[in-house]
Amino acid sequence: MHIKQFQEFAKDKLGVFGVVLLLLLLMTAILAPIIAPHDPWDYSAQHLQPPSKEHLLGTNDCGYDLFSELLWALRTSIAFGISVAAITCTIGVVLGVSAALIGGMYDMIVMRIADALLAIPTIMVLILIAAYFKPSTTVLVITLSLVMWQTVARGVRAQTLSLKTKLHVKAARNMGAPTIYIMRRHIMPELFPLYAMGFVTKARTAVFMEAGLSFLGIFDPSTKSLGIMMSYAMRYPHFDIWFNWLLPPVFALSLLIISLGLISYAVEGIFDPRLRRNNVTPI
Amino acid sequence: MRNITVKMVTAYLLTILLLIFLNFLLQRLLPGDAIIAMYSGHEVVMTDELYAELVSRHGLDLPLHEQFLTYLSELAHGDLGYSYICHASTADLIMDALPWTLLLMGTAFLLSAVVGIVLGVESSWRRGRRFDRSLLAFMLLLDGFHSLVIGIIALAIFCWHFGWFPSSGAMTSYLSTGGIGHIRDVIWHLVLPLATLTLSMIPGDYLLIRNSMMLTIREPYVLTARAKGIRERRIKYLHAARNAILPFTTRIGVRLAHLITGMIFIETIFAYPGLGLLTYNAISNRDLPLMQGILTVSVILVLLINIVVDLLYQKIDLRVGYAY
Amino acid sequence: MISVKDVSKSYKDIRVLSDVALTIDEGEILALVGETGSGKTTLAYLIAGTIKPDCGEIIVRGRMVVDINRKEFLKTVGIVYQSPRDSISHRFTVFEAIAEPLHIHGEFDDTSPGRIKDALREVQLPVDEYFLQKYPHELSGGELQRVAIARALILAPDMLIADESTSFLDPSVQAKVLRLLLDLQNERGISMLFVTHDIGVARKVSDRIAVLHDGRIVENAPAHRVIANPEHQYTKQLIGVAKGKTDVVV
């Protein structure tokens, strides 16, 4: 990314706030094994304890320490988000750039598949696949990436088509450069804002999906996940547990999604200066 | 325009192809014995007769291409399979749930679109001012709440704590007050799921409209209209109509996907007896035929809505064009 | 060295070149003159082998261009474009820009930095590290065009194509770059196809002038004869226009 774009980003207070928030959450997730006071898979504590010095958020119905569980669940969410975003963006960029550069039949096929994916509710497909194969988290990550790449590919393709007509790209072609070289040296580096944008929005969607799917019971129930924590907590509406069991995962999930949303909105502003929110243009 | 239509039709056909591919192949790709895996819920006692019936019902004793033809003809006849766990035809189960989902989703879609358009237009018209900035910040914040989260908070406050609204169902069974009382009862059950689903959709609609307004707000015809002294609200909303409809139609697929996702969570949380809750129950019982049926129906629904909106848009676009 | 035989080229339904015939001799400078949109660039690209003719053939040293390994052939042609700001990626440093042909042809090795510095000396630019790491926006138009020339020459081509390479530079810079191109051509003894819309410039630099009009070569003769004795009405018109302007000093 060019320095100018960084400066542009830094001007966006909400965007910077999002980055700071995300970094804090990221640190927490990375350090979870160190910070967590208990083994999150250890259920030897007394059941349904209220918060105390020993158990900051108390314990759940099986005797797990809720605070430790929360930290590990956050870790799962973030890892899931990052992996899906990385794979989705890679697929999207490769397909988008190659469709634009190669064109013809190949371009047509890729773009029609992208259109078709738009009309298929991702979540239903995931639920179905999850139900049939009881897949590991890795397989779910890949499946999700396979049905989410189309928006990235679209954006990248449009941008590549306009870059393709630039004289420096033609010049490289005239020197005898193969398509791969043009992709690597002339097209990909120009698309950085698109990756940033795609990465953040896809990470956001993935975090969203992970929480939702685990809430619905798609994941292995022994996984530490914000959605699973919420769904268990909801089984005890009569007890007074909502503030120490239900709210913490709700809060953590919201902070994570908010931070990603703020960043993605700020990046969009860099992309198209007309969207920048601090501009006051009297009309 | 013709070119766009061809593209659309290709995409629709491909979507259906993808769907059939998923549904058909998943069954056959299943590791181990497909029948055992599909019907291994505890409520089903697998007798030899049942096993034989299932094998022939799914045509698993036929060669693959014949299986495929059988599948296609069943699909064409609206036969979506049989749920042995619920002891009912999948199509019937879905048809019972569908009206509630359509009521919930349709209303939420319209409400959030109206609110999103009005707020988005007003916000972009006052760009950079206090109103715009605070509204934008609020929407970005609201956008950060998962529909699950909004649902859970609403449930905890209004059902558990205050007990103002029912925490499950779409209507009270055996209600003796007919007519008006019945409608009031349905609305009373609908309020919370509808409010939370709408709330979870508004930020997306708002941001879409605000952005598209920002991109075109200084187009010559708007400035001309202003110069001519045409009333501000008229320009704002004529303009908005044109700009709002485009992103709404081109992104209708994405919007619907959001809506369906939100619907599943919210129906689950409020135990609202639509497709979402049906999905949740199918997951809990590992009722695979039911899940497939729901996927098929929801894809067809999305496609139908897409087609209607596309056609509608072509009409509206012409009229909006003349308005200037 | 290169002969173009009855070549035609259309884009979609629009015919740009019809039955064009042309030769460029070893070590010769041929100026290709015509107004904007007359198809000069198209003809230059055909000769450079980067696009294919619809019909007709292009023969280089007795071999048809279509038969020669495309990548090998492209090595033997260097192209300098009209706007260096567009023809060099804004993300490349001076060093990277000149190294690009070497990378593309897999010739980048330990000797390359030396070669790149030699090329820079040839185009009369500094060779210090500081300069090598500069980006296009830090250079003037003239400096950047010199970088582009160095890039075109780094693979020691047999032919240089200058496609309006000086047309969009400041007049003072234009003269210097023109001088440089001529010196380089002279030192290396390579052929040059000098594409321009200005017959005045063409007269100063070239041995021979070919005029392109309505997709055909309407004039093709030694420079002095074309100027003194134009055959075609269109050429006369061009000369008339050129006389009205102050000539470029070379």
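As written, the chain order gives the labels A, B and C, with residue 1 at the start of each chain.
The rule we apply is simple: a contact is a pair of C-beta atoms (placed from the backbone, for glycine too) under 8 Å apart; a residue touches a chain by one contact, two chains touch by 3 or more.
Since the model is a prediction, treat every value here as computed from it, not as a measurement.
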Busiest interface, counted in C-beta pairs: A-B
Geometric centre: closest chain by C-alpha means: A
Euclidean distance of C-alpha centroids - subunit A vs subunit B, Å: 22
Length of the line joining the C-alpha centres of subunit A and subunit C, rounded to whole Å: 50
Distance between chain centroids, defined by C-alpha means - subunit B, subunit C (Å): 60
Residues of subunit A defined as touching subunit C within the complex: 166-168, 171-178, 181, 185-186, 189-190
Residue ranges of subunit A touching subunit B (in the complex, touch as defined): 14, 112-113, 115-125, 127-129, 131-133, 151, 208, 211-212, 215-218, 227, 230, 234, 237, 242, 246, 250, 253-255, 257-259, 261-262, 265, 268, 272, 274-275, 277-281, 283
Touching residues on subunit B, where the partner in the complex is subunit A: 7-8, 10-12, 14-15, 17-19, 22, 26, 29-31, 37, 125, 127-129, 132-133, 136-137, 140-141, 143-149, 152-153, 155-156, 160, 167, 207, 211, 214-215, 217-218, 253-254, 256-257, 260-261, 264-265, 268-269, 279-280, 282-284, 286, 288, 291-292, 294-295, 298-299, 302-303, 306
Subunit C to subunit A touching residues, read off their complex: 45, 48, 50, 70-71, 74-75, 79, 81, 83, 86-89, 91, 100-101, 103-105
